[in-house]
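Naming follows writing order (A, B, C, D and E), and every chain is counted from residue 1.
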Amino acid sequence: MECVIYRSDGSARTREEVEGSEEALKRLRDAPEGTFLWIRLTDPSAPEVEALAGELGLHPLAVEDAVQAHQRPKRERYGDVLSVALRTLSYVDETSQIESGEAMVFLGPDFALTVCHGRVDPALEAARRLDQDPGMPALGPVAVLHALLDATVDTYTAIAEEVRGDLTGLERRVFSSAREDVIEEIYSLKREVLEFRDAVQPLVPVVQDFAGPRSGWPEEALPYFRDVADHVHRTDTEVRSLDELLNSVLDAHLARVGTWQNEDMRTISAWAAIFALPTLIAGLYGMNFAHMPELGWTYGYPLAVAVMVGACTLLHRSFRRNGWL
Amino acid sequence: MECVIYRSDGSARTREEVEGSEEALKRLRDAPEGTFLWIRLTDPSAPEVEALAGELGLHPLAVEDAVQAHQRPKRERYGDVLSVALRTLSYVDETSQIESGEAMVFLGPDFALTVCHGRVDPALEAARRLDQDPGMPALGPVAVLHALLDATVDTYTAIAEEVRGDLTGLERRVFSSAREDVIEEIYSLKREVLEFRDAVQPLVPVVQDFAGPRSGWPEEALPYFRDVADHVHRTDTEVRSLDELLNSVLDAHLARVGTWQNEDMRTISAWAAIFALPTLIAGLYGMNFAHMPELGWTYGYPLAVAVMVGACTLLHRSFRRNGWL
Amino acid sequence: MECVIYRSDGSARTREEVEGSEEALKRLRDAPEGTFLWIRLTDPSAPEVEALAGELGLHPLAVEDAVQAHQRPKRERYGDVLSVALRTLSYVDETSQIESGEAMVFLGPDFALTVCHGRVDPALEAARRLDQDPGMPALGPVAVLHALLDATVDTYTAIAEEVRGDLTGLERRVFSSAREDVIEEIYSLKREVLEFRDAVQPLVPVVQDFAGPRSGWPEEALPYFRDVADHVHRTDTEVRSLDELLNSVLDAHLARVGTWQNEDMRTISAWAAIFALPTLIAGLYGMNFAHMPELGWTYGYPLAVAVMVGACTLLHRSFRRNGWL
Amino acid sequence: MECVIYRSDGSARTREEVEGSEEALKRLRDAPEGTFLWIRLTDPSAPEVEALAGELGLHPLAVEDAVQAHQRPKRERYGDVLSVALRTLSYVDETSQIESGEAMVFLGPDFALTVCHGRVDPALEAARRLDQDPGMPALGPVAVLHALLDATVDTYTAIAEEVRGDLTGLERRVFSSAREDVIEEIYSLKREVLEFRDAVQPLVPVVQDFAGPRSGWPEEALPYFRDVADHVHRTDTEVRSLDELLNSVLDAHLARVGTWQNEDMRTISAWAAIFALPTLIAGLYGMNFAHMPELGWTYGYPLAVAVMVGACTLLHRSFRRNGWL
Amino acid sequence: MECVIYRSDGSARTREEVEGSEEALKRLRDAPEGTFLWIRLTDPSAPEVEALAGELGLHPLAVEDAVQAHQRPKRERYGDVLSVALRTLSYVDETSQIESGEAMVFLGPDFALTVCHGRVDPALEAARRLDQDPGMPALGPVAVLHALLDATVDTYTAIAEEVRGDLTGLERRVFSSAREDVIEEIYSLKREVLEFRDAVQPLVPVVQDFAGPRSGWPEEALPYFRDVADHVHRTDTEVRSLDELLNSVLDAHLARVGTWQNEDMRTISAWAAIFALPTLIAGLYGMNFAHMPELGWTYGYPLAVAVMVGACTLLHRSFRRNGWL
């Protein structure tokens, strides 16, 4: 648990790290207006969250959301506390897979509580951004929400980039001459794109609401949320396009399998013909007719073999020419 | 039939089971405000429902809904009685199939009537939850509605989990090297997902209405309904994803059948070539030319057989190398 | 043409059949308030409709609708006359096909005119229901509209049941081991489901409007229309599911054709191998080498045949074991 | 260019054809109220339209629309002039193809200008209808709009009929036993249905607007526009159904190609077996064993041939029975 | 960087090119009302944009948008500055590919700033159009927005034409008898159509807003924006149709690959039969029966060969007739 108090007194802004939430809350109570507290929890246990929720006066259902993972992205208002749930995603390079976690923000009048579960902790990045831009904390706890959203959505953009890279790789393999079987890869990418979509799509209306005039944020905050809304929207469009392209890639692969089969069948048939011709000739001279002048010729045998070889060569060449071999 | 009277007098809450609806209604009439009666019917006969409906003054159309099964999830208001129809689902482990039943709730000013048909009776679980959380009954009959919705939606979540498990099993079989024919399983899972969807999808707007400010519930009840709405929404998203994944799995299976066929054709052709070569050589030495020096050699025959075996081995090896065998 | 006058005088309700529309309209004019006339036409000729329309003062465009068939389901208001067009459907058992007709209702302040074309006449059933429930006619002409809608929608439900039965039959044939070619049946069921959908889908908003508070019906009529709206909605959902399942059945059939082909190819190849082996052996002993000791053995021939039979049996058995035969 | 002045003075209605737009406009200026002018242009050149637009005071952008073809169906208001663009379609019997043109209407307070490009000129048919129904011109220029819409939409209905006929023909060929390759026909019909859809779909909201109370038309005109709206809507539904059926027909054709291939493979394999059996027997008696008693039999040869023929007949018959031949 | 000052003083309009933005802004400040400045940047560096943004007082987030490419089409309002982002597209003839760039417009009360990145610079074409129509600049900075939108959307229309041409080419190849493998081309066209769609689709609501009465433009500007909105809408419809047609083309190609395979299989089988027949006959006369009268005939051998040739010719002809060859 990390507790940071942001003070914004006129043009002077200070930032103070405090040990323990109790101490932090006490100091907050004594602070002048324009001060707010940010408490960051990473993979907390249920009792930890519940204790803190008691101190902050959060609604029991809000706490339940923070404890159990796999929330769908949403905003919820309990009294004067706004809670926002996000899905955090991370791209695991080794397996080319997307892992998902969860981040929750609770915004009160003078505090912000963020709870992160999973591989990625966007709160760290959000804190870094908040500290870099000294103007933002003046907006109050909503600055934390913006920083967290911004950091999360930036990872989305990066992952969309990675997924598009994977798709481009698949495309190259589908259309390469190596005849790779990429069905399983296509399917597993499809699965991930669907999971990605389920993380991004429900976030679109949430963030759009934050960017509108009815969000209740200070006027100066709106452009920042509109910026985030725009990024979410772009990622959403990108994910849909990826989904459609994946369907098309699978169709294209299907069509190519059909084409390969056709090509193989031709190749095989060409070779079968090349085998069948000398077999037929051999069968001819295996006949037991009493009067078969060729059989008596001194050079009959080598001639027959020569005819076989010649016919096969001819066949082979003509198959080459019409593309069957 | 089970009748329970919930009394909520200031901070004191009591709960009394009464035998028979007539007796229960009499006691209800004499009770102070804040008291309500919950009547639970399980697989009732039509006359049973009709008799009770007469006592409670329900609308004949509402009663008809409660008697005949296969309602679609909906809310309906008849005078001051609200009726809500739900589909109850249960996952039968032995057959991996979903069975559906029905639950109806009628909410009057001071009573709640629940009627359940089918394998699952969410009213039992709802009663258990209501008894565990003594604060809920203070909200009046709406607490029964919430408990029933909550219990039903939790079974949805569990079933979605089971179905996803079945899907994962199918995926593993589709992409295993064992070449199983899973079309029928995919199709029957598809059928169930469609039935699942038909149970969940029409419930989304119903529960969303309950969670909104225009539902007419006491303010304290709204977060609980928002929680249920959120779960229904999540299940709905999950079911859609499952549906899409099933389509993709069928496509992937189709593509794999094509690939298998290609592989089989290659294997078969390779073996055909391995057979055809010695047959050709045998044909050669079956020719009746007078002058075929090899025929006279003492070791001609074993040599010919050796050539055959050698050629076949060579072919076999090269087919191995290029992946046809 | 059938003309029935419904009188509703306080609690006393009477019903009188009148010969001829002129006589009926005369009597209607002299009747007290709460009286209305229902005129039923079945497969009328254009002049018949036009004559009656003149007597009732209907709009020429409304009349045109009643004369020509193949209207899409709709509601239309011409002055104080409401016209509603419906598609009537009937399931022809012998051919498993859906035939469609049309029903129109014109509701004036004190009359209802119904015009039915086609195989099914829902007006008969509607009249039966109206006579059975003596309370309904007190609602005025709108009771006729409800009765007709109710009767029509009940046939929809029955047909949906039949179509689902046909689908289940197709499913069984697709997944049976008999390898039936059901493509044409799937397609023709698809065609019917589309026609079914075109009858039901545009009716949904029409009936939904009737069930809402802005329909202008008496308050007591609304629950009845909500009931009809609910049935239409359910049929609509059912038809969509049927449509999706049909698509999936066709996909499944396609996948099965692929699988069958693969199985056939394996069977054929196995038999080809079983033929090829003895042919090779026969070829071997057809060679003309001077020194082939086996050829001189007394039991060489039966031995060779025995080897052939043995090898074939062995091959056959191993193909059995790996599932190719 | 054709100019017609419609006068509507009380109950007396007259119609006068005038040579040249200048003369017509002069007469219009002197005419009493209730008079309007209809100018019809067919495939006009750009300067022709521009000159006329100057006389009528049309907006330059409106003129641009009238000159260049390939507008999408739309309504546009420039000052007090309403412009409506339509796509006119015609079915070319010889090629079974749909050709599209364009019709534009400009409605001013006392004039209507129609400009038609392409194969079909709905203005002729519209004029015929307007002259037949003497009551319509009393509505003013809007009567021209209605007549043109009505004439155009009636051609849509006729074309939908033709396209459905083509589809039925394709269905018959897909499911005939003649194994025709109808892919190209299906695709080209698909293309036309898409073009049809692009003509009809954007017209739906335009005409719906005209049929609503906010269109600004006189009350008596509304039922006529509702009638047109209904026809457009019906065509739109029809075109969608055709589109879906075409997709299904292509799928069905694909499935049939798969089935044919399977059948062919079986037939081919059956014949291969019928060839392979006598070849094997011939091979047997081609072996050179010293002790093969059959070889010495007087009737050995005819017996062997008889066995071959018998075995082949037997095979042929059993393949017939199991449906491979 | 190019700076142009447009003055509009009553009916007199002048246009002046100024070197450097500082000088231009100074002159602007001194100019009478009705004057505005257009600054055009092409592929500017980040500092260049930032410097200019400082001079014009743009919001930092707006500047960020102008610096980084790959914005999605959108409109954004920062204070009294409106920013609009567009995707510019160009069709590269050599590769038949679509390349995309970006254009941004910032409209202040008396200035317009356009920033273009990428291959195409619509600002040049927009400037040309603005100079040609001297009436437009009187509308103020919004004239720049219109000119840029108009120029961009016209390139969309041209590209849609090119893509449709590519599609027609693909169709011809799919249905030609040359059996070309066009899967990769279809897929890559699909990719481009998707990218095209992502550029056009989000622009539709943006431009529609500009065309509506709530856009805040002067009344005279609205028809011009409605004209642009109409073109965007048409392109959007066109792109959707292209997308659907591409899917159908891929399906058609798949069906054709299946048909080809069937044809090939028949051809191959026919040739196999033509080979198998003489092989069987040769085998017959290779049998070693003691009593085979034909073997002793003087013309036995040529007769046998004649029979072989004759049978093959017969087979070949009959295969020709039934279409297998």
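Everything below uses one rule, namely that contacts are C-beta pairs under 8 Å (C-beta built on N, C-alpha and C of every residue); 3 or more make two chains touch, one makes a residue touch a chain.
No experiment lies behind these values; they were computed from the predicted model shown.
Engineer: What are the chains that chain B and chain C both touch?
Structural biologist: Correct list: empty, since no chain touches both.
Engineer: Given that chain A and chain B are copies of one sequence and touch, is their interface built from the same residue numbers on both sides (over half shared) or different ones?
Structural biologist: Counting which numbers both chains contribute, under half are shared, so the two copies meet through different residues.
Engineer: Using mean C-alpha positions as chain centres, tell me how far chain A is from chain D in Å, no decimals.
Structural biologist: 42
Engineer: Between chain D and chain E, what distance separates the C-alpha centroids? Give it in angstrom.
Structural biologist: Those two chain centres are 26 Å apart.
Engineer: What positions in chain A touch 2 or more of the other chains?
Structural biologist: 254, 258, 261, 265, 272, 279, 283, 286-288, 292
Engineer: Touch graph of the chains shown: is it line, ring, star, complete or other?
Structural biologist: ring
Engineer: Going by the contact rule set out above, which residues of chain A touch chain E in the complex?
Structural biologist: Within the complex, chain A touches chain E at residues 171, 175, 223-224, 226-227, 230, 233-234, 237, 241, 244-245, 248-249, 251-252, 254-256, 258-259, 261-262, 265-266, 269, 272-273, 276-277, 279-280, 283-284, 286-292.
Engineer: Quick check: in the complex, which residue numbers of chain E touch chain A?
Structural biologist: Checking each residue of chain E against chain A gives 59, 61, 64, 70-72, 74, 76, 78, 181, 183-184, 186-187, 190-191, 194-195, 198, 202, 250, 253-254, 257-258, 260-261, 264-265, 268, 271-272, 275, 278-279, 282-283, 285-288, 292, 294-301, 304-305.
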